Each structure stands twice: as structure tokens, then as C-alpha cells.
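Paired with subunit B in one complex and with subunit C in the other, subunit A is shared by the two complexes that follow.
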Partner chain A sequence: MLYKKSTYKSITILLIVLLCVSFFVNIGLGSVSISLKEIFLTIIGHQENYIIQHYRLPKAFTAVLAGSGLGISGLLMQTLFRNPLAGPFVLGISSGASLGVAIVILGSSLMGGFLATVFISKWSIVIAASLGSFIVLLAVMIVAAKIRDTMAILIIGLMFGSITAALVSVLSYFSSAELIQQYVFWGFGNLGNLTWYEVVIFFSIYAVGIVLSMMSMKNLNTLLLGENYAKSLGLNVKKSRFIIIIATCLLAGSVTAFAGPIAFIGLAVPHIARQIFNTSNHKILLPSVFIIGSIVMLICDSISQLPSSDYTLPINAITSLFGAPVVIWLLLRKRKMVF
Partner chain B sequence: MFNLTVKTLNNIIFEKTITLKFSTLFLLSLLLFSCIENNKSDTIFDSTNVKSAENSYATGFSLNNYDGWDVLEIYSPWPNSQKNYHYLIKHKFDTINKLLPVFDYDGIIEIPVEKIIVTSTTHIPALELLGTENTLIGFPGTQYVSSEKTRLRIDNGEVRELGNNETINTEIVLDLKPDILVGYGIGNQNKALETINNSGTSVLYNGDWVEASPLGKAEWIKFFGILYDKKKEADSIFDIIETNYMAAKTLAQNVKKRPKVLCGAMHNNVWYLPQGTSPEAQILKDANVNYLWGDTKGKGSLALNFESIFEKAQNASLWFSPSYYNSYEELMLASTHYSQFNAFKNKSIYSFANTKGATGGVLYYELGTARPDLVLKDIIKISHPTLLQEYNTYFFKPLQ
Partner chain C sequence: MSLINQHVVLNADNLFVGYKTHASKTIIASNINFELKQGELVGLVGVNGIGKSTLLRTLTGVQNALSGTIFLNGKHLQAFTNIEVAKVMSVVLTERIVTKNLSVFEIIALGRHPYTNWLGNLHKIDHAMINTAMSQTNIENLKHKKCFELSDGQLQKVMIARALAQDTDLIILDEPTTHLDMYHKVSALKLLQNLVKDTGKTILFSSHEIDLAIQLCDKMIVMTEHEVISGSPRALIEKGTFENLFPDDMIVFDNKTKNFRVKK
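Now for the complex of A and B:
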């Protein structure tokens, strides 16, 4: 049974409040305890605090961008492939990015010791990850133009994943322990190493992806009926498939480039949204995935900081540890999956 | 300084876990470790008539005499190892055909060793100090060797390349037929080394990197002294190193002003730095500096959040070994947060990463273990500029 309009509204308002709360909780919690007053004064600009201004705030914004970006790209993929197991990385975006990063980090030793550390700057990693996912995207697009069956694209994406994983293991065999260590650390995911400047660049790529996915909302609803039916309704399946794939690549690709391959969020958040709102209408799902994705990411980041301890856990471990039980619980409670 | 983490990670990688399943792996390894049981009893070694040659610092090995037989015992070839290794030492020119004692030893070593394979760069200085570098016939990762003497032998093709320590090229090793292979394990037996051991070549595990103190690590030269039947030479070399170390330590204790010191750098927002009782931190303590995490306890490295490091060490006046970074520019490129530290602003960062051999091996990783006296003097010279004015730092250089 679908909810009434007023129910959607009240749930949405509740979620927005929750988003604001988790945003401020995220800023307020960390290894160093900073008083609420000091945080407030810093945010309104009356006081200088390096940790708040240049560490926690950019980190919180990155968490919002990453959480919502991954959630939305996951939703797009699940609808496009009509498969509840799809996620933002099924097209091989993260494998493409991993290969790019692996070539920069692990391959740098082949370019000679002097160049090695020059190459492994933050920007070269971002550029390599973007290039890597872009090349995979290009390959997927070429395939998509030739193939009618959307499922074939899914399998081809998985194949790209296997190829890149194989190349990465060959590269790591010939690399020194320090370089492998760096590559592994990249794979843990990282929200907190971005400057404001980088957050702005991240946001601009991300914004294009969001606009494209908002443009596709109606088409996504039509696609839910099946490709043949969508065609008979006058939908240009190839064109809308193209836009959806580009939007996913921009969203998931930019997140992977700036924050590393963050697992799980993209798969789980659309399910959480469907269970909460009990609908598969994208006009409702898209904004709710945006909000829920941000909330989940902010909470996961707050947990991974292990507030008031000196330690931090890798964000990738927390998203799965925390997120998987939530999805299981939601499915058990409803006994039926909304898809 | 992060030898331990690097080695452990290396091991993790080669078990095919690049795919981020870190947590699963961690749980698995916990399970594995708890399943390993020590079945082998060491009863014979508890017997009477034991004479030990005591080490002053090293706790990982000892030479004991059981009923007239020399036995080299290795206690902790890797952290938390369950098994002790016993090697019977037999002199090659021993004319008396004594009956070999019947007990459970892991191998017989005929000394002096004439053909050796070592697997860690930290073993190279010991060979050279004992004047036995000509016995080295193979090494995994020869490009990491910096010492000129051994480099020359590698370039002349006298030392074979054996690949990687974790996946050492077994065929070449068997072909070379060394008298012994000195390996190291990381957390458990190395499978490739097991195969070699079963083929008849004695594999000895060297645990210099597990030792808890800098002088303990250096004392492993006595281990090589035993293998080459040069115990006396090894003893006197170590005595000189120890005397130098103690003299430098005494010199530093008289200084009143102790600069605040920060170490390490971030990987992925997590700052890695040595724990307060690690060998690295002991050197800092002996150099009489105020290492800001000197009161923590533990052997390995701390992994701390950026925030807590920043709060504590923002005003530190010195910063040692920021990971592999060679220059201030590289630090900036990696993270702009680094530039907020006073040590960065005042250009007071020192690293051993710039002191490299001809083929790019970091000298500190090779010689630093064998010569803690030089490491200590480096730190003293940098931290207390009034001391050791004639001395030029050996490993630590200012960041470019």
C-alpha cells in the first residue's frame, strides 16, 4: 500500500532534521574535544580553529557529497539493470579508478626512484582515478551503443572488473612494500584529506551528475516497466540509458577519485529509502536517497573517528559493519522487499 | 621506522587481499593464530649441563652448550612466535667423530659457513663488519642493497637476484646450493623457505627486527659471528658499537634543553609514529629529546588521528622521519595539513629517506639496525647543535 502525500512530507521533514543533526554531530565529534561554544563561534566566523575550519568541515561536506553521490548512482544502476544487487560500481568504475591509481602508485617504481614520490601526490591520484574510470566508461559506452540487451552491459562491467584486478595484482607483485602499502591505504577510503579548493572541484563534477539524474527521473520510472514497454511508451531507451550511465559515472567516479572506493553505501542506501518510503517512484526516491545517503555517511564517519579516542578506523570497514545490519533489519521487519 | 608495519602489510598483500577485505582478513588471521598450537616439546633442551653465552641486550637468540655440543637457539623469529628453533653447530674441521647427539634439532650447521644467502638488507652490514661479504651468493631484491662493497659484487654478477622475500625463487636457491639461508618470517613460517629447508639447505630465521632495543638489534652481529666461527671478532665489534652508543648517550644527558619532537606522517588521515617503548623511541629518549608520545607503551607504531597529533605536536620544534617524503613540496602535495606544524614552517624536518644508495635503497634500512650508535649521534647532532660539532650526520638529513 502506498503512503499518503502528507506521510511522505512528514517523513521527509523528519529526515531533513536528522540530516542537520548528524551534520553538526559529525562536526562536533572527533579525537580532540572542542566545546560547543567554540564550534559555534568558529562556524559563524568569530573565531579561528584550524581543526574545525580545515579538517572537520571539509570532511563533513565530503561525507555528504560521497554519501548522496554513491546512493544516487546506486539507485540509477538498480533501476537501469532492474537488479536489486546492482550498485554504483557494477559498470567497473571503481575497478577503472583502482587501475588508474595502481598504475600511478605501483607503476611509479618502474619510472625510476626519483620520479616515484613526485607522481604520488594527491592530485595525480585524483586525476589517475578519474582517467581510469573515464576509460572504462568509454569502453562501456561503445559496448552499450552496439548491444541491445542491458544485462550484457552488466556482465561486461564485471569482466572489466576482473581484468583490472588481474592487472593490479601483476603490478603489485613487482612493487616495493611501501608502494603496496600506499595503494592499500587508498583502498580503505578517506573522507578527510580534502582542502576547500578540492571540495569545490569535487562538488562541481558531482553537481553535473545530480542534474543529469534529476533530468532522468521520469525516464527511470518508465524504465521500471521494462525496456519493451518503455519503448512502446515512446521513450528513447538508448538515449536515456546513455544519460543515466554518464550521470552514474560522474557521481561514482568523482567520489572514488576524491574519497577512494567506498563500499556498500551505493548498494544499501536505495534499499533503505525504498523500505522507508515504501515506493519505487523516483520523484520521491531520488531526494530521499540523497538525504539518507548523506545521513548514513555522516554517521559512519562519526563512528569511524571513534570520538574522544586518538584512533580512527577505515571508513570502508564502518560503512559495511554499520550498514549491512540496517538493511537486514529493514528487510526482516517488512518481510517483503520493495523494488 | 615502520619496518614492522611494512613487512606485515607486505605479507597481507601476497595473500591476495588487495580487494579491501581488511576486516575479514583480520578476523581470519585471529582465528589462524589461535589455532596454531605448539606440539613440539623442547624437553631435551631443558636438560642439565647447559652453558650459555649470555647476550647483553638481544633476547632473540643464544648460543648454548649442551653436553659439549654447541646449539644456536632462536627464540622469537617473528612477534609472538610459538616455536623455538635449535640448530646444532658443528665445526667443519672437527676431526673428532663424535656421535651426533640424538635430540630434536631443526638443522645442523657446519661452520664456518662458506656460501650464504641472506634475505634482509639488515644482514648485509654484519657480513661486511665481519669481513665475510664474499660468502654472499644470493639476495632477494638486490636493488635495495646500498653498501658499495656488496653493490660491486652484485654488479659483477657474484650475487644472484632471488626475487622477493615472500616468494623467493626456490629453483635458483636450490641451484646455488648455499650452506645456509638466513631468512626472516613475518608472523608465521614462510612457505618458500620451508620448501628450501626440506630440500636440505638449513634455513635460519633471523629475528633482529623483533628485538625490543636498538642495541639488541645490533647484537645480532654475534649471530653471524657464530656462523662464521668469528665469535671473538663479533664480540669486539659489538663492544665498540655499544661503547660509542653509551658515550653519546652520556653526552646528551647533560643537556638541559630538551626540544619537543614529532615523528612520522599520515597515510590516509591516520598518522603513524613509533610507540614510546619502541627501539626508535628509545633512541629518541637516549638522545635526551622530549618525544611527545614517549610515555606510550608498546613495541610497534601508534596509528593516531590527525586531530590528536595536531593538538599535541603543532608546536613541536623538531620533526623526524616523515615517512617516505623527500621534500617540503611533497609533503604539501600529500596534504596541506602538514604545513600547519611549526616544524614545517621553521623547516626543521629531518628524514633518512634522502640518504640512498646507488640503486635507490634507503641506507637507514640497511645500516641503521647494525649501527644504532650512528643513528643516536645523528639525532643528538640535530637536536642539540652545540654537541658533536665535528660529527656529520650519517642517515638523517634536512628535508629538501
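Now for the complex of A and C:
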């Protein structure tokens, strides 16, 4: 069965409404509850509210960027590698970032007290994460340029992941418990740590990634036939593969640098979109993954704030706790794996 | 149609095909010469491992020829860009498509890839080409079905329709009759024959159905261990080409009935 165009439209409108609702709910909920009216007045500029303007709003935007960015990069990887288990981090982006951060946090003890405090600032972690993922990525790209078989790139990505994970283990072995705890906390992910200035930088990297993904939509559909067919249709497989990988890296890399290695969203959201829209057509999937990714991230963040309490749970735990049952439920309901 | 003025779509000139690594060169088939003219149904036959697929891969530009040249519409194949080749030559492969979660219409629409803009939006002419392709292959009733709902034979037709939508002079099919029963083998080849008649396209296919190919093709390319010969089925029978096709310890070609028999 194929959905009619009107069905696509009504589902999309429903999702957009849901996105707006979860956006406002996300801003409203937290250790201090804020009424909808107050949020609205603040956003249109009639009222000043420090919490909303400098904490909740950037956090909500970060959630939207992170959720959609991870979802889309997951979709790109699943199509490129023809593998429903692929996610944004299969090319070793998050493990590269982890290594960078591990070197900064865990390695700082080797540099002595004063340097340690300089090193473990927020920006040094962002830079370390970016550098780490960039270096791993560069290695993967150099290999990818020499290889014709896309599957080999997937395995090479996983191998780089193992190498970096091993290096992190070695570093942790020589570090103090305190520093390890700090590193583990980074690994939990954090959406609420960004100032407006950082959100803008995050957004500009993210925007390039989104534009590249949009440019790849047609080619991704053609790649659904397999690489040989795609080539016979005039597609330059190597070039479009390159663009798809770059887009993934910008999206997943920027999220990891600014919000930590957030798991699960990138793997699950494309599946949720495929189940809801019952298609593999990227012209439908890309926008819907964008919306659904944002919604899921906003909901997860709202839950992790534990409304009206002083505690905040790690976002990384919530994404899996909330997301996995959703995917299982969708698959059970449809009884058929759509890929 | 006068035979002299017929346009040559594809021309192989002293072609050597095989594999090349840094150290060595493996020649699979050598000295291949043939012409595919406009409006011909051409069957490529030969025993397993003789190099049919290698030849097709070379013709479609997936791998390079060891030596010799391929001319497409009179122009050197190497001088074409990917997109230009895609507008002259389409393929139907044996490999399964990656996803079956696309509708028949969406699959056929992908045949318009070389013509559409960066978003892949379909215009009036694209829709017209897609509809013609569907009616030529008799699959209009499948338009809104998903590919996982189709049988092998139907999926085969969809892939042929996709190649038709690509609007090329030449369609190359790699073993279009595998996985099909006797009836559907005939119906697939009959479909190709009708397409050649109706559209004036040139269709080249590889197959193990030598009996059927002899009955349906305008021209055949026969690959044997010693040479690659092309010609009309009748001329090839007269030359005795088919008698040398297989080792003659088990089957023989009967010139009268035009088919193979098990040796008693």
C-alpha cells in the first residue's frame, strides 16, 4: 500500500504541531516550572525572563539541532551503507571525539595542576572533540578515496573506533578517579551547557551539513538501487559518497563537539520515520527525520530535567530508555521491518 | 529498412577484455569484433565462465578494456561523461536492488535520473516517459504497488521499464531469464523482441537460453574458447558455430531442429 499525498501532508502537519508543542513544553519544564503565557511573552519580547532567555531557549534550540542533526546523519549512513544498523557514528566520529576529550581531561594530570585547570575549560573540550573526530575522519576519508567497496569503509570506520576506544582505556588506566568521573560525565551528553554564542557557531556548522544532505537527496534515492545501477544512471558514486560522508561528519561531529556523544537518536529516528511514512524515498524521509529527531530530542530532554526537581538525569540514558521502547513498539505494531 | 544505412549504436573493435592488476594481466576473451545496429535484438551466449559478464561489464564501462576500443554512436566510450553514457545506454542487472520499500512508480522514475534537476523533480515529459515505459511493459496495474509485493517476474519487468524510462538507444540486460520458469523466460524474451519492434531501440542480453535466443534474436554473439563470433542465428547455424559451443561429450547441436540434444 502506498499512502496518498494528502495522508503525507496531514501526518506532516501533525508532526509540526507536535514539534511546536514539545518545544514550548521543553522550555516550560525544569527545576522551575514556567507558564506558557510567560514563555510566549518572553519570546515575542514583551517580558524579560533570565531563565528562558539565557538557559531554556538555547537549550531547546540545541536539542532541535542535535536531534535533527543526529537523525539525518543516521539516515545518510543507513542508506550509504545499505545497513539498518548503521548510525551517525559508524565512521568513528564519536570515538575520535572521545579520544580527543579523553586526552584533554585524562591527560591533563600529566601536565600539572595549573595547566590542568586551563585545559579543562569548555572550549578546549569542544576543540578537542572536533579535532579528534576530524583526525579519525581524515584517516577514514584517505582510505575511502582508495577503496571502491563501500562496505570496506564501514569496517574501516569500526576498526578506527576500536583503536580509539583502546587508547581511551589506556589513558583511563593511568588517571585518577576524579578525572575519569569528569570524562564519564562528558560521555553522558549535555544539551544545557551552551551560550547563545556557542549555539550560533554550532548552527553554522550544522547548516552546511544540512545543505549538503539536501543536495544529496536525489542521489540517495538513486543509491537505493545499488551502486552499479546508480552508476549506470550517470551518478558519480565516489563523489556523491564523499559529499554524503562530509555531511554526516559536519552534522554528527558538531553535535558531538557541543553536546557530547549522544547515542541512539541517530539509529532510531530514521527507523521511526520509515515506519510512520512507510517509504524509503528520501524526499519524504529527510524532512520527516528532521522533525521527528527534534521532537524526540526535546521530549527526552524534558524527561531528563525531571520536572520540579533539582536533579538532571544524563540525556544519553534517557534517549535510549525512551527511544528503544518506541522503536520496538513500532516494529511490533507493523510486524514488518521496513528498510 | 535498408541494411546498409542502418545506424550502428555500439561497435566493438578488436576488443580484449579481462582483469588487470599491478603485476599481471588476465585476458578472459580476446579479439572481439561486432556491431550492434539500431533496432536489433542481440543475444550473447556462451558457456559458464567464458566471459559474458566480463564483456558486458566492459561494454557498460564498469571495468576498462585491456585493449581495443568501444564506440558508442560512433564516439569513443572513454570520451563520454557518466551522464552522457546514461543517456545512451541503460542496464538491467542480475543483482537485487537494495531496498524494496519503493513503489513501482518511484523505481521507474529513478530512470529519469540523468534528466532531472538536483532535486530530482519530475516534469511533464518525465511523467510521460514513465507512463509510456509502464504501458510498453504492461505493468500499469502495478504502479502503486511496493516492490516487496511483486513476484520475480514482475520485478524484472519493472526494472526493464526503468531502463525504458531512461530513454536510451541501447539497453543491456545481464541474464534476464535467470530465476524464471520456462513460460516466463519466453515471455521476458518476447517482451524484449516486441520492445525492439515497437521502439526501434537496440537490446543486447546475455542468456543461457540458446534455443530461445536462436528463435527470437536478430543477431547473436557467440563466445567460444577460441573466438567470439557474431551474426544472424541462421548464418551461425550454417557455419556450425553452435556445434563447437559446448564440449561434445554430452550434448550435441541438431542442425535440423535448431536445438541441443542430450547425447545418447
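A few notes on this one:
The rule is simple: the second predicted complex is superposed on the first by the 339 of 339 C-alpha atoms of A that agree within 3 Å, B and C clash if a C-alpha of one lies under 4 Å from a C-alpha of the other, contacts with A are read in each partner's own complex, and residues count from 1 in each chain.
The rule is short, and it goes like this: a contact is a pair of C-beta atoms (placed from the backbone, for glycine too) under 8 Å apart; a residue touches a chain by one contact, two chains touch by 3 or more.
Since the structure is predicted, the reported quantities are computational estimates derived from the model, not experimental observations.
The superposition on subunit A brings subunit B alongside subunit C with room for both. Taking subunit A as the reference chain, the count of touched residues is higher for B when subunit B and subunit C are set side by side.
With chain A used for the fit, subunit A forms the apex of an angle whose arms reach the C-alpha centres of subunit B and subunit C; rounded to a multiple of 10, it measures 140°.
Of the two partner chains placed by superposition, only subunit C is touched by A:N221; subunit B is not.
Shared-chain residue A:E178: touches subunit B; no touch with subunit C. In the superposition on chain A, A:K9 contacts neither subunit B nor subunit C.
Contacts of A:K238 after superposition: neither subunit B nor subunit C is touched. Contacts of A:W123 after superposition on the shared chain: subunit B is touched, whereas subunit C is not.
Of the two partner chains, subunit C is the only one touched by A:Y229; subunit B is not.
The superposed three-chain arrangement places the nearest Cα atoms of subunit B and subunit C 33 Å from each other. Residue overlap on subunit A between its contacts with subunit B in one complex and with subunit C in the other: absent. Every residue of subunit A that touches subunit C in the complex is listed here, in rising order: 1-2, 82, 215, 217-218, 221-226, 228-229, 231-236, 274, 278-281, 283, 338-339.
Of all the residues in subunit C, the ones that touch subunit A in their complex are 60, 62, 81-87, 89-91, 93, 95-99, 101-103, 106-107, 110-111, 113-114, 116, 118-120, 144-146, 166.
Within the complex formed with subunit B, the subunit A residues making contact are 30-32, 50-51, 54-55, 113, 117-118, 120-123, 165, 168-169, 172-173, 177-178, 180-188, 190, 192-193, 195, 260-261, 263, 305-306, 309-312, 314, 316-317, 320-321. Of all residues in subunit B, only 5-7, 9-10, 12-13, 16, 18-20, 22-23, 164, 167, 266-270, 302-308, 310-311, 324-326, 330, 333-337, 340, 356, 360 touch subunit A in the complex they form.
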